[in-house]
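Quick heads-up: structures coming right below.
You will see chain A twice below: alongside chain B first, and alongside chain C after that.
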Partner chain A sequence: MPGVMVFLCRCCGRIPPTVDLLALGEKIGREEGVAVVETRDTLCLPEDRAAMLRSFEESGASGILVAACSPYGKAGDVVTTLSAACDGDRSHVRLVDIREGCAWIHRGDPAGATAKAGDLIRMNLGFLRHGKRSADAVVAVRPECIVVGAGSAGMAAALSIARAGHRVHLVERGMGGGGMLKLLSHVYPTDAGAEEKLKPSLEAISAQPLIVFHAKTRVVAATGYAGDFKIRLASGTGETNLHVGAVILATGAGVWLPRGLYRYGELKEVLTLMELERRRREGRESPRRTVFIHCVGARCPERPYCATICCPSSIKNAAWIKRADPGAEVTILHRDIMMPGAILERYYRGALEAGVRFVRFAADAPPVVSGDGKVENVSVFDAINGVEREIAADQVILSTPLVANADNAKLADLFHIGIDRYGFFREDDPLHPLETRQAGVFICGSARWPVASGDAAAQGEGAAMKALAILGRERLSARSLSRLPEGKLGHARIEDGFCSGCGNCVAVCPYEACALQKVGGALVSRANKMRCRACGSCMSVCPNGTIQMPEHNARAVGAMIRRAFSPREAR
Partner chain B sequence: MNAPETTDKKPSPRVLVFACRWCALIGADAAGRKKTELPASFRVIPVECASMVEPDSVLRALASGADGVAVMGCHLGGCRFNDANHVAVKRMEALGDLLDTVGIGRRRLLLSFGTAHEGHEFAEVLGNFLRELGPLPELTRWRKTLLNLPAFR
Partner chain C sequence: MTSVLSRTPRQATSDTLPVLIEGGGAAGITAGLDLAAAGRRVHLIERSGHLGGQMLNLDKIYPTDHCAFCPLWTDIRRLQTDPRITVHLSSRIESLDTTGEGSLATIRTEPPLIAPERCIGCGACFDACAPGAVKPPGEHVYPPSFRIDRDLCNRCGSCVGICPSAAIDLAREEERETLKVGQVIRAAGFIEADLKPLPEFGYGLHPDIMTSLEFEAWTAEAGPNDGRIVRKSGGGRPANIAFVQCSGARDDRLLPWCSAVCCMHALKQSSWVKRRDPGIDCCIFYTDLRTVGRDYYAYSRRAEDKAGVRLVRGRPGLIHPLPGGGIAVKFEDTLTQKREIRRFDMVVLNGNLRPSAGDRYENGAEPPAEACGFAAEPADVAQSAWQGSAAAMMAISRDKEGPCRA
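Up next is the complex of A and B:
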């Protein structure tokens, strides 16, 4: 039986008093292309749903339209059931919301509500005529991975993937692995030596045959999509081409130098935390009187963020100085102490008990370092007690934030991912913090936001699991990359022979899925099915309607628009 | 609640709403669940993203009986599809200029980005729009011309 089968749901009497289903059914039954109209009580209940499926299958109708509640309610499940009955093909199934979108908001106007329900059903009948289905794209997955950056995050990611049995290319712009841990003496909150912490990972990496370490190497080119990236590496010795299934960016962050602040660079006893770490690693003892200044170059107009690692790092060193020499005078000048979580809070209490002194200053009254030729004094206005304090000091340690690597912008450009205004890689969605807007490209560690080494490693392992979800498959379908695969429209399709190569779609695509290619001497657009997320931006700028989302094409939408308002006199 | 005042002589203006299903459609749905009373003269077409709405569709809607068209998407910066709705805003603003030029007037095009994602906000935005459309004249003459163009037949 050709035509569409229409089911109207009474919703146990929550639709009918407003929408006259009897009149509506009669009116719809007369519409062109409608095979049969059935009214049921509760399509969300299994019995009614089964009966609906049975009568649809028996009828052999070409399409099915369900007029019930909103897709966010139970009707969403009904559509899923029906789509499953049509081999997942949603182009023959259409849901019309006549409860939330009609009966419930027009209770004062039953005639208007019934007319509206009729219009809504007619609109969707029109849509059903033109709805098409796009075939899912499937690609073969390259079972290899590239990890850029061999710091805590990168090493953890590489090791996790190698242990799962996949080859990993670990690319490092410096000589060896370790990242920022190589610059540190000890790590908080365990106070373990950085070197001892690093050693097992470095040994595991050199012992792991599946990890190929590319030292002094940079990524210079990248093309492709999830499952199949082509990447070119350049090092002093030449270029290497890789062909990988997933990309993990773990490039870390950089240290900010407080040039010109607190007489840094002028007095040699004014150091940054990193310089103190180096001295501590070299076994040099600290002078007797030390003043730490927090939030140097952080939480200021240029960098309004808190870099999260500076408070714990300087408290770590302050407590170390105090414990090594109980007679030492250690003062921390801070704006706020940021020590979140039970472990760090205990760490902070430990420093207080060890005798580290904390003085709070206000952002608009920063401390002043004085001294002639060497550090002698730090004067600060104690914001809590309201007194001016003069603190004698032999050295001043500036606690500076981490800043994004200058390379990030270039890498973001290569992989088509976003960076935030401070240059850190941007996550695509707060609920998917290791994913970027390009499927198959993952971020972890301080490259996405400053984190301590342990957290960086945790993120690295997380990113590895995300990558393994791709690498572990032989074939990858475009639909499976979507976080809501059932709801995703297919992907943009370009009709051959009509594209004029204007490039509008290339300019507008938020995922750089469209690209112009030369085919038979003329430029035409090609949509990459693995990159396309089916937003439909391209179809609204195409001058001749060549590029379309098959599930939501212009003809179908046009049919809806034409039927949206039945002539007034008929109402 | 936010129903515009209508008289028997003049029926409520007809509005076609293109609602992004990640934001404004949820607002419309919430208005429904709260049973907010609204005039029965608007129809909603769910779209994946506001950037999917062709300027052409807006004209078509005006040609086929709508007194006004609303394009509703997520707030700028909160688009599910990266920066797609930024592009949509620019496009729709340009369409507003076009509507002014041809004498339809940009008042018949409502752009809402991030202002209709709660039920009461949807009702308010739509109610205000309907109120504003109320005194505007019918598009009869313009519609006749447009509907006779080959592209719209």
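Up next is the complex of A and C:
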């Protein structure tokens, strides 16, 4: 039976009498393209839902329109059921909200509410006449993964994926694994030795047959999409091509050097935290009087961020100096002590109890390091006690932030993901912090945002978990790359022969799904279904309507708008 | 539904036991969805009658200032429709026996007297209930369903006959079920600790002294005032609002820890107050302004420099209602060493968060359990979500050889 089947829900009498369903049903029944109108009591209840589905299937109607409540009420479930019955094809399914949007909000105006419900239904009937379904794309998933960066995050990610039974290419631009941990002596908050912490991971990686370690190697080219990435690696010995299903970026972060600040580089007793870590690793003792200065080059106009790890790192070392030599004088000059949470707060108190002295200074009154040929003194205005303090010092440790790797911009470009204004990889949204705007590309560790090694490793495991959702499948459909339970709304489709190659769509696509290609000598745009997220940006800037979202094509939306604005009397 | 083909996992997983997840908030939902996407079966135990956890109580999330509800809503719907996930609402894990192979979990379910799958949200029961036992669904609860407070209900039955969809059964009794599970993920999140034992905060003495979650609900765009900032007492526009950080936190008498999320939470709330009504004076009393995540520091700069939120370093020593209206806040600005008593129209207490599963964080959870989110350590939405994914991976790795963490 051609035509649309319309179901009106009475919502147990919560829609009528405000909306006159009898009159509405009669009017809608006379509309062009309507096969049959059925009024039911409660479409959201399982029994009515099943009956509706049966009735629709028996009728053989080409489309279904349900006029009930808001999708944020119960009707969301109704549409899920119907979409499932149509194998995800929502081009034949429309939901019209006649409860919250009509009956309830216009309670005092039954005639108006009924007319509005009629308008909404007619608009959606118009839509259904032109609604189309976009073709899906299915790729065979390559059951391998690439992990870029072999620090805490990358090692944990690679080990996790390998243990789940998939081959992993672990790509490291340096010699071996370990990343930032190799530069540290001990790690907070456990105070475990960095080397002891690193050893089991390195051993597990070399013992794991499914991990292929690419040392002194960089990613130089990448194409493809979730399930099917083609990646070229370059090392001193030549180039390697990989073909993988998922990508995990764990490239870590860099250390910033405070050249010219606090007489760093001029006085040799002015060190960065990393240099202190090296001395500690080498077993060198600290002199008696140490002053730590926090937020050196951080939370300032050039780097307007807190790098998370600097406060705990310097508190770790301050407490170590004090515990090793209870007679030592250790002072931390800070702007805010960034030790959030239960573990770090306890760690901070441990340092206080060990006898580390904390002095707060204001951002506009930084401490001054003085000394002739060597560090002698640090003067600071103690903001809390309102006094100028002169602190005698034998060494000054500068707590500097982590900065994004210069490589990030290039990798972000290769894999079409975003970076933030500081150069770190940007996540999709706070609830999906390891996912990027490209399906199949995941981020973790300090490449995403500065984190402690333990958290970086946990993020690596999390990213591995996300990758397994792709690697564990034999085939991946473009439609399934969506957070909606019904699958992705659709994909942009570019009509061959009409595209003028203007590139507007390429410029606006946030997911870099549109790209210009040469076809028969002319440049035309092509939309990649695996990357497209059905946002519709391209459709709105296409000058001649060549790009359409079949599920929301211009004719369908136009039909809705025409019906919305045609005078009621004429109908 | 998405073509079944693409969701079929490569490996058969019938030999592995399902994972038990305690808590259906940001961490638990993420862990559950990740495990199901990798082909694992999941039992998710949620204490309340709906999924979403504390994130549902947030109007906006920092630092994006986006609504909390949208990303959550799609994830909740995906969780509810995934055939690998069994959601147990209004349930608790009563006991966990780990002696044999796998674990035996006893789940106690107190089924809601109004069946959520049948409730159409009309509110007839709410109008009919004399003792006020029927509660409306929260603004962001999906699916929206009324519920009955068992303690207030006098079993009069007036709601039963009036319910048009036969959703109410006052005789429903609690049920027990034993599940055989493998790994366990603890993600029970946080609750607010009662501030009444600390009298200097004045909590409970005045309707305009509220906790930050109460303030969030009171000022939510979908809340009782449609996002307008008004006083609870009398409904007038407040001239000024004090946000008091570390209320009960970093305080050995109640919560010795830093709750981690409250600095940004106060910056978010005060920025939104300023956005909706720039004339209201907002003042945050803080000890250390802990803004450690992406864009958090920039957010605090924006709040202070652009929106005009005032930051005062100091912990108020006394908060008390004034006889003529308003609330007195006594504090020392520790950066100017000035002591002051200032009158505020509203006071928001921030920081009194504690793990809902007990008095301590489970960051040392013993296998087969793994903790994530606020149950493990104070965590915001993003931290809870990645920890949820990490815990899911841990559950899978443990079934193989053991954890992969360095």
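We take it that the second predicted complex is superposed on the first by the 563 of 571 C-alpha atoms of A that agree within 3 Å, B and C clash if a C-alpha of one lies under 4 Å from a C-alpha of the other, contacts with A are read in each partner's own complex, and residues count from 1 in each chain.
Assume contacts are C-beta pairs under 8 Å (C-beta built on N, C-alpha and C of every residue); 3 or more make two chains touch, one makes a residue touch a chain.
Note that the structure is a prediction, hence the values are computed from the model and not measured.
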Superposed partners chain B and chain C on chain A - clash or fit: fit
Which of chain B and chain C A:Y72 touches, first, second, both or neither: both
Greater chain A contact set [chain C / chain B]: C
First, second, both or neither for A:F213, with chain B first and chain C second: neither
A:R14 touches, of chain B and chain C: first, second, both or neither? second
Which of chain B and chain C A:L181 touches, first, second, both or neither: second
Chain C versus chain B - closest C-alpha approach in the superposed model, Å: 5
Contact residues of chain A, present in both the chain B and the chain C interface: 72
Interfacial residue positions of chain A with respect to chain C in the complex: 11-14, 42, 44-46, 69, 72-74, 76-77, 80, 83-84, 87-88, 136, 138, 141, 143, 152, 155-156, 159-160, 163-165, 181, 197-198, 200-201, 204, 299, 304-306, 308, 336-346, 362, 383-386, 420, 424, 426-427, 429-434, 444, 449, 453-454, 457-459, 461-466, 468-469, 471-477, 479-480, 482-487
Contact footprint of chain A on chain B as seen in their complex: 3, 11, 14, 16, 21, 26, 28-29, 31-33, 35-41, 43-49, 51-57, 60-61, 64-66, 79-84, 87-88, 91
Sites on chain C touched by chain A in the complex: 1-3, 5-11, 26, 30, 34, 37-39, 55, 61, 63-64, 66, 71-75, 77-78, 80-82, 117-118, 120-122, 142-144, 164-165, 250, 256-258, 260, 263, 288-298, 301, 334-337, 361, 363, 377-383, 385-390, 392-394, 396-397, 400-401, 404-406
Parts of chain A lying in touch with chain B, wherever the complex brings them together: 70-72, 97, 99-102, 104-109, 112-113, 115-116, 119-120, 123, 418, 437, 489, 508, 510-511, 533-537, 539-541, 549, 552, 554, 557-558, 560-562, 564-565, 567-568
